[in-house]
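Below are two complexes that have subunit A in common, paired first with subunit B and then with subunit C.
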Partner chain A sequence: MYQSKFVTLAKGKFHGGIHPQEFKSISNQRPIEKLVLSKTLRLPLKQHVGVQSIPIVTVGEGVTKGQLIAKCGKGLGANIHAPANGKINKIELMQAGHPSGLPVPAIEISVEDSANAGSFTLPKISDWRQVNLKELISQVRQAGIVGLGGATFPTEIKLKNQSIDTLIVNAMECEPYITCDDRMLQELAKEVIEGAQISAHIVGASDIIFATEDNKSAAIKALATSLEEEKDDKHTASMKIVVAPTKYPSGGEKQTIELVTGKQLPKGELPSSLGLLVQNVATLRAIYKAVTEGETLTERLITITGDAISNPGNYWLPFGTLLSDIAEHFEVDRQECKKAVLGGPMMGQSVSDFETPVSKSTNCIIFNRDKSNEKSWVIEAKQHQSCIRCSECQVVCPADLLPQQLYWFSKSEQWEGLEKQDLFDCIECGACAYVCPSEIPLVHYFRFGKSEIKKIKMAQVKSEKAKQRFDFRETRLARAKAERAEKHRKAAEARKKAASEKSADAKENKQAAINEALARVKQKKAAMSEEEAQNNDNKGEDV
Partner chain B sequence: MKLSSPFFHHALPTSKVMQLVIAALIPGILLQVYFFGYGVIINLFLCGFTAIAAEFLVLKLRDRDPWSTIKDNSALLTGLLLAVAIPPTLPFWMSIVGTGFAIVFAKQLYGGLGFNPFNPAMVGYVLLLISFPVEMTAWLPSVELAAKTPSLSESMQLIFVGKTSSGLSVNDFRILADGYTMATPLDHMKTEHTLGKMSSEIISQNHFAANLKGWAWVNYGYAFGGIILLATKTIRWQIPASFLLSIVVTSSLLHWWDPELYNPAKFHLVTGATMLGAFFITTDPVSASTTPKGRLIYGALIGFLVVVIRNFGGYPEAIGFAVLLLNLAAPTIDHYTKPQVYGHQTEKESVHD
Partner chain C sequence: MLDLIIATTTLVVIAFLCGSLLGYASVRFKVEGNPVVDQINEILPQTQCGQCGFPGCKPYAEAIANGEAINRCPPGGEAGIKALAELLDVEVIELDESCGEETLPKVAVIREDECIGCTKCIQACPVDAIVGAAKHMHTVIEAECTGCDLCVPPCPVDCIDMVEIRPGVEEWTWPNPANTNPENTSPLQIPVKHIS
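Here is the complex of A and B:
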């Protein structure tokens, strides 16, 4: 290993892990090349964690390379830019590599290469130390940068983190076959380092740790040499390289953290809870490009490898490039290789429809012959044997789970028991299935279990909501009833009151009338008696 | 079916694992044949064949493809393990009953490989031991001690007919030159103890020491096979280590308490099926505990029970009973020995902070 004051050994280690054959030398011997292959580019509107982006172009519209064509949707998401000059062909549901094989909303661009068209860039920020942090974050957001290690989490959100002490640059690249980070460090170490400096500057980290495995000696050397050449006074964050023994899955974020810090990330917590920010090599280089050169994210470095292709290596490919074009360029015999794998052999996704485009998450494409000479390569499902509970899966599990128990509960569909066995702590690294003597596709069972439990949870939430709605309706009805009753009661009361008032009035009136009448009668009587008296007087006088 | 990741696999297949275990039995088997005669070989064939036939039959009844299952070699292994655990001249039909019961009842009726809660070979063994205690304890004396040893044809006659053509029965072969009928060291020790003899007295009996030597060699053979299994990581160290350590500790404590009544560890380690048990029986992954800590507890408790049953129980050999009892406890042990999942410990710690 390269001796340098910057290089130290990892202090932590994680449980389990495996040592699969690496197959990295197939692709990491050749310098990086740039390829533009497709006449049409197909861009799914969701290439990231979060909500789907919203197209802001119309069919038939001309676009220039780097131009924004779909903006970040409401909430978590990312911008999508035109990877080439051309015209919008269609915006509709298309086959675009969704794991389900179902069509997804996508934009198709027909490439029209005119030499004078130029390209669109964001304003360049040459002295990023002098500008407002918000401006830097906004630049990253506008450039549509997401985690390029494969997780595709919007980078801007991570950069908004406060209280970060250490930026860990994940350069473990532990999966077999993949060498794009390795090769990028060998050739573009300076740019990655500056990208890391920008990230550290934004989140206020004082340390930058480049974490890698000891099988990448060329990358370590390139990195260390670049660090030695850097002028110390220029940087605020101190930098070092931490080298871990090669073991899969050391590049899993949780495992990387354990290797570098010796601490486990507490369940349910983000790395920021330990003052850490973990970013992939390619992401940092994209940040560098976005900030210093104003480049939006329209291409990525992809390892194209396997035993069914000519010239395996690492290539810059614009997003949207179709596998069929790649297969053609690399002289893949489609009869021998009916399935390609996007990503690594341990956690990747097999694709049989070659009309699938590469997207922001595609770090590697493996074209192996279906019946590869490599016995490790298993691309066809087959009948597996019974679990003999040998526990080899437990020995290799980096999450320290009991895969044999998870399998037991999954298979018998005992969801409650499955959850109690901490199914959701499974990172689906595939180490258990790799070592299973009965060739049980364990991770397949676990994914099934997870989706079933999620379904049940969703149904529970739904029924809970329905119950709440029902309860609310009941109370609302009861309240309405009570209100109505109250209203009726009040109305009745009012009526009663009114009625009684009326009757009282009537009574009074009657009395008054009677009194009046009586008075009148009295008066009359009085008048009459007076008259009589007068008459009598008169009579008396007459007499 | 579409296969999801991983698309990478590298492991010795189950059938090869079983083959390796069978191969590791060979040193022990060879020594057993040398010390106890050709009957061992006949039993191996008899039980092995019965096991495969029984498995085939049940799979046919269950409407499964028998060959793909038989190819996993697990039935064969069960048959072979039972064959080396029974006396070399056991009547053939008893071997068949034991093996058949092990495969049909203890394994297939629970759902076949991977679903049996009990070690099938030990279920067969215990069934035979309880049903036919006399025949099951009628071991021949070690070769160096025996007045006459049965030839291959005589062994076959003993097993299939019960008598040789010259009219000798199993018991005739068990009589030593001095007219003494030899039992296994464990059996002998038990009987002599009930007669009030001291351990030191019994051990000093000439024929006892010679007989013990044969048993010890057989144990060394299985231990050697066990080391091969450990070296190839076919089995993990936890169960054999805790099992043997527990035997040493328990027997040493008893021996320290009363040396004349309880035998020392070195006796227990090399008699009976101790080493066969340590590396081949207790390590049956299907019926054992599957967590690292659980396996330590599992092995230790079997070791403890073995010494207890050997010293205080009604039967001289104890591995079968001890294993079955702990098979019963294995799911519970697993439940309470779940390893700390990544990130869970720190969660608890932070709660205390």
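Here is the complex of A and C:
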């Protein structure tokens, strides 16, 4: 290993892990090249963790390279940009390599070569130390950067955290075949270092640790040489390289943290709870490009490898490039190679539909010749041997779970037991399936369990909402009824009162009338009796 | 004789103490409503469709607590009956066909240009998922619709369709490898050991 004051050995280790054959030398010998292959680019609207992006272009519209074509949806998400000059062909449901085989909403661009069209860039920030942190984060957000290690979590969200001491640059790249981070460090170490400094500056980290495995000696050498040459005193964060022994899956975020710091990330906690931020090499280089050159994320470095292609290596490919075009360029004999693997052989997915595009998560494409002894796992899943409880899977599980138990619970659809066995801590690394002597497709069982539990939880949320709305409606109706009854009662009361008042008045009037009449009669009588008396008097006088 | 009196008195005192403790507890920890009804209501799918013959899920939950059959809820389906049987410790029985059949989840869609704005569907909706006003077009809030069918019969111009929700990418779940039909598998496989 390269001797340097920057290079130290990892102090921690994680539980389990395996040593699959590497196959990395197939692709890491050749310098990086740039390729533009497809005449049509197909861009799924969801290439990241979170919600689908919203298209802001219309069919037939011309777009330039780097232009925003779909903006980040409400909530977690990322912008998507045009990877080339051209015209929007269609915006509809298209096949884009989703595991279900269902079409997903996507934008299709037909590429039109026009040399003078130029490209769209964000405003460049040359001296990033002087600008407001918010401005830097907004630049990353606008550039549509997501975690390029394969998890595609929006980077901007990670950078918003301000309680970080150490930035860990994940260059473990533990999957067999993949060499894009290795090759990027060999050729573009300076840009990665600058990106790491920008990232550390944003989150306020004082240390940067480049974490890698001991099988990447060329990358370690290139990185250490670049660090030695860095005479730049401006760099505020101190940097070092930590080298771990090669073991799969040391590139998992939790495993990397354990290797570098010797501490285990507590269940349900984010790395920030330990003051850590973990970012992939390619993500940091994308941050560098976005900040200093205003470049939006429209392409990525992809390892194209396997024994069925002519020039295996690492290539810059625009997002949306179709596998069929790649297969054609690399002279893949489609009779010999009927399916490709997107991502690594351990965690990737194999696709037989070559109309699938590469997306932000595609770090590797493997074209291998079909082998006669190869098994199609899902199809033969029924014929796999029974679990013999050998517990080999438990020995290799990097999350320290009991895969054999998870398997039983998942197979018999006992969701409660499955959750109690911490299914959701499974990182789906495939180490258990790799060692299983019965060849049980364990990861399939775990994905099945996870997706069913998620579906049940979603249904519960929906029914809870419906219940609340039903209850609310009931109370509203009851209230309306009560209000109506109250109104009727009041109206009736008012009527009654009015009526009774009227009758009371009438009575009084009557009484008054009677009294008046009586008075009148009395008066009359009095007058009459007076008259009579007078008459009598007169009579008397007369007599 | 004295022993007898002491023993009896002691027992009477203990009985009195325990009795008053129980009496106090029953007042202090009184449970409002029937907890079984709430548990049953949790299991019911809350579509409020009334196919069971009761005006909503809660009334049916109350009826079940009072001995009504547990197989009258088509939207809950077989899984719902199983859960209810487990909760109430009774036999699992088949869905009562007179109540309807278990169908895929649906959502109501108003053909908006045909709507005359009579508000009848708004009044029928058990979860207030239809918006609109008299003599103005109505529309269904899809996210809130439970697919209960109750708005369909009152519509005087028959402009409401019940559309099956096609499982999209978001609703899709991985198949159980143990039950996967070889002819009907997704194109995807996780490679793991394929590659060598």
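A few points about this structure:
Going forward, the second predicted complex is superposed on the first by the 531 of 543 C-alpha atoms of A that agree within 3 Å, B and C clash if a C-alpha of one lies under 4 Å from a C-alpha of the other, contacts with A are read in each partner's own complex, and residues count from 1 in each chain.
To be clear about the criterion, a contact is a pair of C-beta atoms (placed from the backbone, for glycine too) under 8 Å apart; a residue touches a chain by one contact, two chains touch by 3 or more.
What you see is a predicted model, and the numbers here were worked out from it, not measured in a lab.
Contacts of A:229 after superposition: neither subunit B nor subunit C is touched. In the overlay built on the shared chain, the residue A:350 is in contact with subunit B and with subunit C. Looking at the shared chain after the overlay, A:176 reaches both subunit B and subunit C. Looking at the shared chain after the overlay, A:501 reaches neither subunit B nor subunit C.
Of the two partner chains, both subunit B and subunit C are touched by A:447. In the superposition on chain A, A:463 makes contact with subunit C only, not with subunit B. Once chain A of one complex is fitted onto chain A of the other, the partner contacts of A:486 are absent, as it touches neither subunit B nor subunit C. Contacts of A:434 after superposition on the shared chain: both subunit B and subunit C are touched.
Shared-chain residue A:388: touches subunit B; no touch with subunit C.
Annotation: subunit A residues 21, 176, 341, 345-350, 375-379, 381, 430, 433-434, 439, 441, 443-444, 447 touch subunit B in one complex and subunit C in the other. Looking at the complex, you find that subunit A touches subunit C at residues 21, 23, 98-102, 104, 176-177, 341, 345-353, 366, 368, 371, 374-379, 381-382, 410-411, 413, 430, 433-434, 439, 441, 443-445, 447-448, 450-452, 454-455, 459, 462-467, 469-474.
Every residue of subunit A that touches subunit B in the complex is listed here, in rising order: 14-15, 20-21, 176, 254, 258, 263-269, 341, 343, 345-350, 375-381, 383, 385-392, 394-395, 398-402, 404-405, 421-422, 425, 428, 430, 433-439, 441, 443-444, 447.
Partner subunit A is touched in their complex by these residues of subunit B: 1-17, 68, 72, 74, 112-115, 236, 285-286, 288, 290-292, 334, 338-347, 350.
Residues 41, 44-48, 56-58, 126-129, 144, 146, 168-169, 171-178, 180, 182, 185-196 of subunit C are the ones touching subunit A in the complex.
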